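Down below are the structures I want you to see.
Shared chain: chain A. Partners: chain B in the first complex, chain C in the second.
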Partner chain A sequence: MNRRTVDVSIPLGPVHPCFKEPARIKCETRGEYVLSAEVELGYMKKGIERIMKGRPWQEVMFLAERVCGICSVIHNMVFIEAMESISAIEVPDRAAMLRVVANELDRMQSHLLANFSYCYTIEHETLAMYLLDQRETVMDMLERLTGARVTCAYIVPGGVRADILPDDMNFITSGLRELEKNISRYMRMFETAPLIGLRSRSIGNLTLEAASRAHAVGPTARASGINEDRRLFHPTYKRLCFQPVTRKEGDNYARIMVRFQEVMQSIGIIRQCLSGLPHGKVRGGGTCSAGAVRYSGEAPRGELTYEITTDDAGRVVEIAIQTPSIMNIEVCTHDLLTGAESIADVTSIFVSCDPCIACTER
Partner chain B sequence: MTVYIYEQDLNPMKFSILTCPRQDRVVRLLAKEYGLSLQVMRKVMLGKLDMMLLENLPARYEAWRPENMEDDVLLSSIKPTLLSVAIPIIPEREMHRIMDNARQAVAGGLTPKDAAEKARKEIREVILA
Partner chain C sequence: MTLLQKIKNIVRSRSIHVCYVDVGSCNGCDIEVLACLSPRYDIEQYGIVVHNNPREADILLIIGAFTPGWEDKLRMVWDRIPAPKAAVAIGNCPVSGCCFNRPGSLVDPPVSKHIPVAASVPGCPPRPTEILSAILSIAPTVFRDYEVNQ
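On to the complex of A and B.
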């Protein structure tokens, strides 16, 4: 172990009021300057990939959405679409659109929670609570569509579990109207508040090169000018003429603003889906068979990849999950926290990358 | 990093990460590429990379873009940025030194293939040092 002269070595966490989940950041400082940082994991390892092995897809589908409680819908969607890709199962148009609605609602609640955490971390509790209130509205919509708030198990091979009822569609449409009005207001608050600007602008600058090198994904990468989004390759999103939101600043402010803009974009996507919802069945059926695939989807935090091998009975023989937080926490630790101008910014920089430890440790 | 006497040994957790299917695939590829045994490569990575780098190993390997390698036999066989930038187990200055030595050897009359082999030997020495 090399010996170096440092002023103070500061461990943050594993239990910290600003973190949603346990992780430990070890920072070495000289004065206010952060010389180096390291994130330690291991406080909530589930070993879920190992639990999944050897189980039939009917069980793994429920395990997949338990990888992460915040973005459970996308884990469900990517796993099921991977199984469909292995078994060449077709999805009815109506079900494909409803999947997008569920996925975008999930993205909205995840982004609102991430921005709540950030505002709470920089001690703007008023805006934080406003955002958490809006998240509840989105959670209600998700519950009306899928029947559950967190582990919905809405997406099944060949379609979705249940059709949307006219009442629920009206509930979602009117909820979106209210949400759009409120989020626009909160975005303006975030953009114009001088104290938020002091804590966010030019803090935690992530360059395009560093983001590319560590394969940063999602809003963290798009806030640094990387125009990458797995939704660009998804057949249903292609039909909706989806274009990703990007910014060039690469700082805390840009990462939060990208999420706000994506919430507004999701509102538009859901409206587009609901207004053009085709008639027909929502479950086409199909049988899961043997094969291997690597399948990616765009989670709220970025690219989520499942590598699956199945046998003839649809049992999962091999599975590996690469979650977006792995890449984002890594780039945050080595390119943002290391070299941060002030130790006081460590928590806000870390939270601005929307780290999910449950996803990272799986 | 500073060592706290009350902290637990992180190596078992790091080893669990390193033996996950995707990480294992990358470690095997790198060990084969640079002529090291799997056990040695694992030990080096456990020592030189922190937990997040180990978790992100497959993504960093996939994101690594070989630059101008088609035109340069030395670059394409040594792949210097792979071990110094993408998966940082060798300091960049050391890798520059190795590359400079290889280029000088080629200028001195050695074939690029032999110079690359010599450079890979130097890389192994630096990794194991």
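On to the complex of A and C.
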């Protein structure tokens, strides 16, 4: 029998200074080297899909948003667009553009939060605080557009809840200008700082083969050179000639840089939407009817899929949600944490994959 | 009141260490607690430090609607916090379970069934300013003359 020598078995979490949410990582180490790692989940399981069943879409819409508080807009968007594709509801052009604006603002705040967490984990508190401050600017814009900071329920079947006011448009445009200036500065800081490089470059290497074998999604996959993004298949993004950001390195550094570049890309997309915003109404109306669909969208963390069956009254009969984080947590555990050079890198590798435990467990 | 008690009262109102524990929320409240750290709200200017370590905490922020995974663990976290201590419930979930408290779900709110909760900040999610003002108003009330009241 093959026996391994394990020095110490180190549990991290569930309450840990580096984690936003409860998860437990169990590492077996020999010296500094991590022999094996295991992520233990189950602290956040609420059973949302169980309570969604049999409820009208009006209620499920709010529950869908509360699957994940960080990326609430995309959950709202994917659920509503799935309902629309079941019921063949048309969306006015103006509303479709405003959806993209809300979605990209949400992506920006989520990516900035992820990068904040990473910088905080590698103890670069200055850059972390700069990024968190920029995130507040994005939250302001989101609040001006939708009326709430976090769970905003902006997207409804057949359009969006409220039109954008000229005042808010100016606020967002001037905010974006400021943001672009600051984020490009912080990006340069991250790119060129030697100490950040030491903690990030060639740490947590994820090869293209390993990433595609384990079906990594989102920025984690795109940092390893996989060119996949559900936004490529979205009709509104197609009109905006969207192209995903990819990098080749596949380490912690690449994952954070992909997020930085996507924030800059989102700024461009929002500008494009607002400058070419068509006139007209923002709510077309429609009736939700019976049917079944499998619909995917690109959440800040990767591909998000809803599989819904509804009845004639618009009630949700069956629902299954597949969230991106479960893929990335698996990739992170088996390919990145196992065999990590140092136990000190475990938290930073885990955080660089941007795991969202609330999404994963629902 | 002794001089020592006076000093303790002053020090305790200026140095509040916070630990937050998520017992099953949508993590909307988590990130609003994190937003308190940002330079705009700057939680540290009031002497509040978020360490997220129960052993050096004074205030425990509880987020979420209490899932079965925390059945014994929340009590363990609470017991590890040295006295004087207080728990503050953030958001609707620890108070009522919010939208998760439906037949068939796994949550078991309110959190006050499991550990004593001193204050709650309702909202889905509450704004960072509300979280800040709740911590600032609860801390002096609980910690003033703690030894005398004992």
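Going forward, the second predicted complex is superposed on the first by the 358 of 362 C-alpha atoms of A that agree within 3 Å, B and C clash if a C-alpha of one lies under 4 Å from a C-alpha of the other, contacts with A are read in each partner's own complex, and residues count from 1 in each chain.
Here is the rule we go by: a residue touches a chain if its C-beta (ideal position, glycine included) is under 8 Å from a C-beta of that chain, and two chains touch if they have at least 3 such contacts.
Bear in mind the structure is a predicted one, so any value in this text is a computation, not a measurement.
For the composite obtained by overlaying on chain A, chain B and chain C can both be accommodated side by side without a clash.
In the superposed model, A:Glu330 lies in contact with chain B only, and not with chain C. With both structures placed on the common chain, the touch criterion links A:Gly42 to chain B and to chain C.
Once the two complexes are overlaid on the shared chain, A:Met169 sits clear of chain B and of chain C alike. Applying the stated contact rule after C-alpha superposition, one finds that A:Leu113 touches chain C and leaves chain B untouched. Of the two partner chains, chain C is the only one that A:Leu63 touches; chain B does not reach it. Counting residues of chain A touched by each partner, chain B versus chain C, the larger count belongs to C.
Once chain A of one complex is fitted onto chain A of the other, the partner contacts of A:Arg213 are limited to chain B, with no touch recorded for chain C.
After overlaying the two complexes on the shared chain, residue contacts for A:Leu132 are found with chain C alone; chain B is out of touch.
In the superposed pair of complexes, A:Ile357 makes contact with chain C only, with no contact to chain B.
Once the two complexes are laid over each other on the shared chain, residue contacts for A:Lys26 go to chain B alone; chain C is not touched.
For the three-chain overlay built from the shared chain A, the minimum Cα spacing from chain B to chain C equals 9 Å. On chain A, the surface touched by chain B in one complex and the surface touched by chain C in the other have residues 42, 45 in common.
Contacts from chain A toward chain C in the complex involve residues 14-17, 20-22, 42-48, 50-51, 62-63, 65-70, 72, 113, 116, 129, 132-133, 135-136, 139, 149-151, 356-358. Within the complex, the chain B residues that touch chain A are 1-4, 10, 13, 16, 20-22, 50-53, 55-56, 58-60, 62-63, 85-86. Residue ranges of chain C in contact with chain A, taken from their complex: 19, 21-32, 34-35, 37-40, 51-54, 64-65, 67-70, 73, 77, 98-100, 102-107, 124-125, 127.
Touching chain B in their complex are the following residues of chain A: 1, 6, 9, 11, 26, 28, 36, 38-42, 45, 49, 212-215, 307, 318, 320, 322, 326-327, 329-330, 333-334, 360.
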